[in-house]
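First chain A sits with chain B, and in the next complex the same chain sits with chain C.
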Partner chain A sequence: MMKYEPPLEKISVNIRETVVGHGEKALKIGGENTLPFHFFEGSLPNPPGLALEILDTEPENWAPSVLEPFEDVVSDPVKWAKKCVEVFGAEMLCLRLLSADPMGKNGSAEEAAEITKIVADAVDVPLIVWGTDMEEKDAQVLTQVARACSGKNLLLAPLVKGNYEEIAKAAMEHGHAIVAQASMDANLTKELNIALCKFFPPEKIVIDPTASALGYGLEYTFSIIEEIKQFGLADKDKMMQMPILCDFGGDCWRTKEAKENREQGILWEAITGITFILAGANLLILRHPEALKLIKEMVV
Partner chain B sequence: MALTGIQIFKLLPKTNCKECGVPTCLAFAMNLASGKAELDSCPYVSDEAREKLAEASAPPIRPVKIGKGVRAATTGGETVQYRHEKTFYNPVLLGAMLGSDIAEADLETKLKTWNALQFERVGLNLRPELIALKDVNGDKDAFAQVAKKIAGTSEFNLILMTENTEVMKAGIEACGFKRPLMYAATAENIDAYAALAKENNLPVTVKADSVEGLIPLSEKLSEMGLKDIVIDSGSREIKQSHQDQVTIRRAALKDGNRALGFPTITFPCEMSSNLDMETLIASTFVAKYGGIVVLSDFAGESLFPLLLERLNIFTDPQRPMTVTEGIYEINNPDENSPVMVTTNFALTYFIVSGEIEGSRIPSWLLIKDSEGLSVMTAWAAGKFAGDDVGMFVKKSGIKDKVKQQELIIPGYAAAIAGDVEEELPGWTITVGPREAAHIPGFLKAK
Partner chain C sequence: MILIGEDLNVMSGEISRVIKEREPGPIQQCVAAQTKNGMDYLDVNVGPVKKDPEGTMEWLINTVQEVTDLPLCLDTTNPLAMEAGLKFCKSKALLNSASGATESMETMLPLAAKYSADVVLSVINDAGLPSDADERAASIMESAAVANELGIANENIWVDPVLLPIGVDQRQVTSYLEFIQMLQDLLPGAKSTCGLSNLSYGAPKELKSLLNRTFLVMIGRYGQHSAIVSGFDRELIRLIRGEVPEMVELIYRAMDEENMDISALPQKELEYVKTVQVLMGKSLYSHSWLEV
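Up next, the complex of A and B:
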């Protein structure tokens, strides 16, 4: 009998390492030269980043089981942020600027930037700042945020084809990282990265392929992440070597399956997260602290 | 490993008799290699050539059939490492474990509870397939009795877990007719287990303490003519176990390692002591290369997400999931409720109907067949054109259900409004939001 050699694949390039935040609690994501959990054939210097999300406005329509952990703090984003860090052990936060949503309160960019600054000053963990998902408004909001929080190395999101220039320029000027978002399409992801890299440092870009929850399109996200990682690692495509972010907590908790059963909801979110990590995600934005806990136990 | 046209040509008679329908043996060989012809079209291939060709064209990972009845299923048969390269074919089988010392009343309760765990989704019935019956005390009569009860009174198929030949024999006697999976042949009992598997024509697991250790065992079974083999590399630690799954799949697909070209069995139930963690571990094997996943229990809130994960991962990426064209009632609509129309892409349907449901506003949702494309792509591809949509609404019968005549179309298909209107005289066509998340706000503002 021939001696068995496990077939290993050594890859000579790395996913870029992106730093979010500043000071002692700054977090690195990415940096691996192999697929997730493939410790046997490569190195994965940083575990996946796990962020808990908070809103700058009191949430509406959140399922009771995901509201419950935050009930005492939702009216105050600073308290909310602190509770996530101190009680739930979050090592990163994602602040969503719902107050500026043109479909909702439509607050000004200045106000949103002000709240962001207050939250960013109150906690020492890295902060993802998520705009309104409205292209034009985000151009205003995120540039203001970049200015107000100069030097904090926030991760600003989302930058899309229609607004990346303005926001990326402000991010560069004030020392922030950015999230480049292209919906479920590897080619569009690459195009946007190429456009950004003409003037923006590639190591400060994180890819958002847009994520869908379990049962609601998980397979598309899963495969697009795998594809991007194959392009980046196996094909050595430099424009596909940025770390990948998945934002799906909200989508999970909007499903009726999560709303109707707390335990099921937590597993819904945790399984969605683990599946994306297995595909290659480097950073997850989560909503329920129990989901955070479960995923952490799995990956660390 | 698939053979090339030239390799196949060498095995053919080379007489160019044309009976296969093409002028030369070489042309036929080329067609065979590219899957355009069937070997049976040539009446003159020798048995030896036939065997060689069959072996070469056998899938790199053997599909193994387990069980009988409505929950009979196949595991293995995969041909790619990543689903986007083609597709995964045979969904991971899910099982839960029972000890052979279970009291009769408890067994009845379990079977009843577990059997009720079935979920409807896009016209599919999602449910687990297997019960792993574990011999806990060497009592072969108890083992056989439980096996018999499961086989006789439930739809579940069985994994018979014992390394004791006598106990295994008793189990097979009790439930062999349901084609249980034998677990497991080891270096110690392999001769007896191989004989049992052969005699009863059953699938059999080989278990070793490493991937390498599996090879001589599975080779031995293959040499004895056994084909339906499942492999367990023995690891009960997540990192090692994940590594084993990945390297086994790779060895079978890339290196053509026949000794590892079998579906695997994994045991999250032996890898964690709480069901939540166990469920997460199971979810990693669903995504990454488990053939069978055995849990310590089935509970609705952990099983349902796993079943859905499996459904998602094993969906053919080339063929989008669709829902049936027609009228869908959400929140008990009446004759004054709004009427919306969208495409039959399952995701579109789930997201739109979910948002409407969440808004609590009674509504009619019309689903038009658009070949499983989302609104934006369907519109761009002409599968959600104005006249088609209008015609569909006309024929759908919604007119008899509502008094008002307003149709809300998706924001991304705003351009079709005029054409729909033409097809539906008397109706007002309103352009709804682009994003499903804005539907509740839109409906409330009406």
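Up next, the complex of A and C:
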């Protein structure tokens, strides 16, 4: 009798492999030629990257249970960063430059770049540097950061339609990767990538579809991630073959459930993260070390 | 292909103002220019006409008919204004529009029957806009049956499959293509139309016409009977009127996914081929689809 062989879908293209950081601890994300967890059909050479976030300023209004693990270090970003790496085992960090936020302290771009340099020098894991989410300010802040940390291959975020040119040019000159952000829209994601790829190397771009956590429209994010992956792999659309990043810790820890109860908060964040990995996310930014641990146990 | 000029439209602030102030000049200019540019019908889009619908329509239709002999396509959501308009049309009018929504079928279809007008019947129904070709088919079969019962023959129904902006939902564009190929099997003899400009809503201004005219050639090949278009889009008119047959041929070849050496194509040809590819859903739309 003939043995039944289930048909396998062979995809002839890959999601690009993006390297963040430098030296021994540099991390690769992406690189797969199949859908998430389809190990039977293709190869997924790199597990999803998991970053813990830290702030350059003491956090305000953080829920007690997400502040608790960092209570002794929040006043010093260097100590905070080291604790994440040494105690919580983070293989990547995301430094948020809250100090430069025009709606808050409105610190200068130079100051933000200085703090970033100090943190980047203090740890050897790759670093995502997240600006203020204000277009004009980020153009100043992230270009300064790019210059101050030349050669460190940071992942600078977020670049949007209104500021990508300046930041990407600085990133290219100083050897950094970038996050291209378009809000929940595959067409606009492609649009921004096309614009970037006119001068910027595509293998140094990570897509941020702007993730919404459970309870904020997670299903939309899920669909968008799936869509981008399908366009990239099945339709071989070169402008959609970048790894995908999701950032949702803030959303999770704003929920009533998370604020009221530590376990609920951790699960909220971990379930959101796992769901995005199932959709195809290649890099998550997490807030609670226990959420990091849970996700790591499940997928890595 | 029957072309219906869309430019007499209250969405234009100027047109809205001159209707309100009963100033015939700009209206007649717009009408005469579209007539001269070779339109077959003229759309008269007056919106809901809340104030004095009868008086407004009498004045407007007469003003229009003073400078054109073209048949009119009356575009209003107000049944009172619609009926007033139908009364004053000299030649067989096109009622734009009825849909499969209960309220619309109950008010607009009887008007079309009463005045022996042709009627635009869209695939929208009480559940909203169908999401694919099969749902469009199911919806139009139901509403056409209602129209038939009122004595409106298929030949007097202009089916509007509803065209959405490609930047909003590319899949709706491909299901339009699928549906228009089914239409003659579903409703033999029925005509069809669509609001073509909607396709490129939100697209870069200088590229709107390229999307619109390429799509019109594509659906024309699939039997599309008419479209509501800009009466001032000269490139579209030239293409549709057969003045650039080699481009039409090229669009057909791109639709057939014929092997072509894309790199050898001149700029203009290349643009058409790339546009066909996004319109067929072969590559994901972005505003810079020509740059990839």
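As a convention for this text, the second predicted complex is superposed on the first by the 294 of 300 C-alpha atoms of A that agree within 3 Å, B and C clash if a C-alpha of one lies under 4 Å from a C-alpha of the other, contacts with A are read in each partner's own complex, and residues count from 1 in each chain.
FYI, contacts are C-beta pairs under 8 Å (C-beta built on N, C-alpha and C of every residue); 3 or more make two chains touch, one makes a residue touch a chain.
Note that the structure is a prediction, hence the values are computed from the model and not measured.
In the superposition on chain A, contact of A:38 is made with chain B only, not with chain C. Residue contacts after overlaying the shared chain place A:240 against chain C, while chain B stays out of touching range. In the superposition on chain A, contact is made by A:298 with chain B only, not with chain C.
When the shared chain is aligned, chain B comes close enough to touch A:254, but chain C does not. By the touch criterion defined above, A:60 lies against neither chain B nor chain C after alignment on the C-alpha atoms of chain A. Of the two partner chains placed by superposition, only chain B is touched by A:212; chain C is not. Taken in their complex, chain B has these residues touching chain A: 82-84, 121, 211-212, 215-216, 219, 238-239, 242-243, 246-247, 250-251, 254-255, 276-277, 279-281, 283-284, 287-288, 300-302, 304-306, 308-309, 311-313, 315, 317, 347, 350-351, 354-355, 357-358, 437-438, 440-441.
Against chain B, in their complex, chain A makes its touches with residues 1, 4, 6-9, 37-40, 61, 103, 212, 214-220, 222-223, 226-227, 230, 254-257, 259, 261, 263-264, 266-268, 270-271, 274-275, 278-279, 294-295, 297-298.
Residues 186-188, 190-191, 194-195, 198, 231, 235, 237-240 of chain A touch chain C in their complex.
Interface residues of chain C, counted against chain A in their complex, comprise 167, 170, 282-288, 291-292.
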